[in-house]
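Worksheet: the structure to be examined is printed underneath.
Chain IDs A, B and C follow the sequence of writing; residue 1 opens each chain.
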Amino acid sequence: MSNNTQQGIDEKNSKSEVKKNAFQRFLQHFSGNSLALVAFILLILIIAISIFAPFIAPYDPAKGNIVNRLKPPTLERPADGGFPHILGTDQQGRDVLSRLIYGGRVSMSVGFTVVAIGGTIGTLLGLIAGYFGGWTDLIIMRIVDVASSFPGLLIALTFVMVLGPGQANLTIALLLVGWMIYARMARSQVLTARESTMVEASRAIGCSMPRILFNHILPNVISPLITTFVLEMAHMISAEANMSFLGYGIQPPASSWGLMIGEGRQYITSAWWIVVFPGLIIALTVLCLNLVGNWVREEFDPLQKGRH
Amino acid sequence: MTENNDNIIEVKNLVKYFPLRGGLLGQPTSWVHAVDDVSFNIKRGQTLGLVGESGCGKTTVGRLVLKLIEPTSGEVIFNSKNIYDEKFWKEKEFRRNAQIIFQDAFSSFDIRKNVENIVGEPLLVHGIAQGKELKEKVDDLLKLVGLKPEIAKEYPHTLSSGQKQCVGIARSLALNPTFVVADEPISALDVSVRAQILNLLKDLQKKLNLTYLFISHDIRVVYYLSDYIAVMYVGKLVETGPAEEVFAHRLHPYTEALLTAVPIEDPKMRASKEILQGEVPSPVDPPPGCRFYPRCKYAIAKCKDENPELIEKSPGHFVSCFVDFHGSKTII
Amino acid sequence: MKRYIIVRLLYTIVVILGVSILVFVVTHMVGNPVNTMLPLQATEAERAALRHQLGLDKPLFEQLTTFLGSMVKLDFGISWWQQIPALGIVINKMPATFMLVSAAMILSIVVAIPLGILAAYKPGTFLDRFLTSASLIGLCLPPFWLGLMLVLFFAVRLGWFFTSGYGTLRHLILPTITLAVVPMGHLAQIVRFSMAEQLNAQYAITARAKGASETAVLFGHALKNAATSIVTMGGSDFGRLLAGETAAVEVVFGWPGFGTLIVDTIGRQDFPLLQAEVFFVAVVICLINLIVDISYAYLDPRIKY
């Protein structure tokens, strides 16, 4: 397929300069960093599997056949037909692979939601603080500083304690303790940009403040923003796993990777697969997110690499 | 726009103090006297060279004169109208008349934009041209500063320092201004390129009938380009006058020191070395008296307590000094 | 220096007050502990009685002021769960966690810092790449899961260590290793990064070019200059761990420390105990931050307070 695409592209160009389509230009960003490319692809895969869980998971994650409980991973079909339990079954006879897939849905969506909402709120606050300065900046940043000194896990647990466990409340708890980092980053970006000679030059030629903000400052701010979002998503997935493991996050019969480890803990000596696979997938997802986050940081810093 | 005098710009008693914040809530605890009562005029089509060491406030003057920062007090009159009065000068309109060339061209660029975008942006912002017409005008500007039109597609980081500066100059000329502030335009360049840029600036002035405020720390460079020189020290003007006159007859010890600090090849032409000793006073809450006092060899008691005013010691030549100083030898 | 300490003290008070008030208001406004403490069949009258007994039916502001008044005297009331003074319980459980965290931090420092320095000294070698990969992976492993893996392998399969419990060195080893992985990863990364930065600085290149004895002096300098970043990272991890991030690992190893206490407190919705924990943690964090900041004055000659 790639050959045809290449030919097609070459045929379209009679100029000596090879025009690359958007996809090829995108791939160019990974040159020299194939690890990041692999991580990126894996991440897309994990996300895709989570989204299309109902079509991919062989079993219903909540229904289990007690007869089949604690069966080790195997490639053989079970006695009553159906897809092999490639990753074994858990203490209630539920297929571990399916629970892993659906659990991914939960873990990823918690991570994504926390970062999206917390990140937006935090970034907005940071932008406001940086842009307006003065008292606004002072008050917002003092709140950020003080809140950053609060013990995150303890506060999140407190929120879950009073609101009750479950996916929604867990999401709320995590974003209430995680918004500060975005505010700090956005503010520092705006401050740097505001004092920059580039902004001064833009004013000198007559640019309006909105134009400066959207045309000049924002594009230069977006890549650090995206980096922070990606890296924080890794943190949030770990945090969700941590809290679900302790029993204060996602509740049964739903599954999340951390919850699976927590529930399966007591069976670890007889059925290691219930605990090992969820942990591996958490580690893999967090690793991919970290690799992609680092790649974004290095690749899109216009001062480090050549442009385009 | 009627001009009733041939001063394109008149600066009157310009003052700019910056607060230094301290305390729990960041209240100003002391003030940096960046610009302390500076006045000068620049005639149409001429160049005023503003010279002084780093930190003396000359860059701040450049920003004040272009409405990029607000003065603590004082006036800037451009074409007979106060630039801070919205009735007379709408900001955007003012920008079409007065532009700036930065010392570090690269840091003044949006590095995500190519040369065409950078040079063409003023035209876009003021609605003067777009699309094909914009490209043509940009090409003209690039040719004007001696760059090939092919460079329009390049990004700033691929250019040499000289090319970057030319792009900066091209951008500043895009709106066809009459007044340009050149803030140390060659200080950041390789020595080999400096002469080129200086000559370019000179040519452009003739071609486009520009008025320059040329800011530099190198008095020799300033002399090359300027009709008038103003010497600044820790926020105040210490000597002003026609370039030839000031250069030939330095009437302030500091001007003398500036000149002799510049290496001159021919030993017969070197004046006696004036090596400054003593501390540079901090512009933060400066003491009363002449600011040059701590480093002045010729100071008298009066200099410590009183700040001398600018007095006309010979036609058009103003000096602020209590002592009757004369520079030792003629250099030129 | 004096002004700096006053400002820091003020800041510490704001943090401690802030977090305590936040937790108090959230728990008393939104929480419903009475329902957890009573069986489901309890009547409304019984619930009301318990609420009154615990003082939860008074107006919020009055409860808050009473609480703050006692907090100043370090009186956090009686734990609803254990019927003894709350702060005492916290102080009782802290040493176990402190020991574990200290052991983990010491292990991290001893392993990560020399390796990080070596890696920075010889960049691009196998050691360097191995260290970078290892720390990257180590930071991605959920600590509680890693603990379980270690238990599975070393305690169950090999029988070298205990699966849980507390008391001897053998009990300490696996939890320490588990907890040390993340700080080790952080420290290795920051040491390598800072040292590499220093070693690429002008003064460093000159010293190395001059020869061997210069190199020794060089390391002293480079290390000192990198020290502030390293101390910041170490202090941050140390504080985080003491602030309750040991909870999941302590649960895995049955370690009777502060982390397990927190888990139980949340489960039982024991408000007085929670307030005592929050207070304690805030004090510990602020103390560590203060020590780290003061250390800057010694490590970085540019910083004067």
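Just a few scattered comments:
Here, contacts are C-beta pairs under 8 Å (C-beta built on N, C-alpha and C of every residue); 3 or more make two chains touch, one makes a residue touch a chain.
Chain-to-protein mapping (UniProt): C = Peptide/nickel transport system permease protein.
From a predicted model like this one, the values you see are computed outputs, not experimental measurements.
Among the other chains, C has the CA centre that is most remote from the centre of chain B. Chain-level centrality, scored on Cα centres against the all-protein Cα centre, points to A. Between chain A and chain B, the centres computed from C-alpha atoms are 51 Å apart.
A straight line joining the Cα centres of chain B and chain C is 55 Å long.
One finds 24 Å separating the Cα centroids of chain A and chain C.
Multi-chain contact residues of chain A (touching two or more other chains) are absent.
On the chain C side of its complex with chain A, the touching residues are 11, 14-15, 18-19, 22-23, 26-27, 30-32, 136-137, 139-142, 144-146, 148-149, 151-152, 156, 240, 243-245, 247-248, 251-252, 262-263, 266-267, 269, 274, 277-278, 281-282, 285-286, 289.
Of all residues in chain B, those touching chain A in their complex are 25-26, 63, 66, 68, 91-92, 95-96, 99-100, 102, 104, 107-112, 121-122, 125-126, 155, 157-158, 171-172, 174-175. Only residues 138, 196-198, 200-208, 211, 215-216, 219-220, 302-303, 306-308 of chain A touch chain B when the two sit together in their complex.
The touching residues of chain A, counted against chain C in their complex, run 145-147, 149-155, 157-163, 234, 238, 241-242, 245-248, 258, 261, 265, 268-269, 272, 275-276, 278-279, 282-284, 286-287, 290-291.
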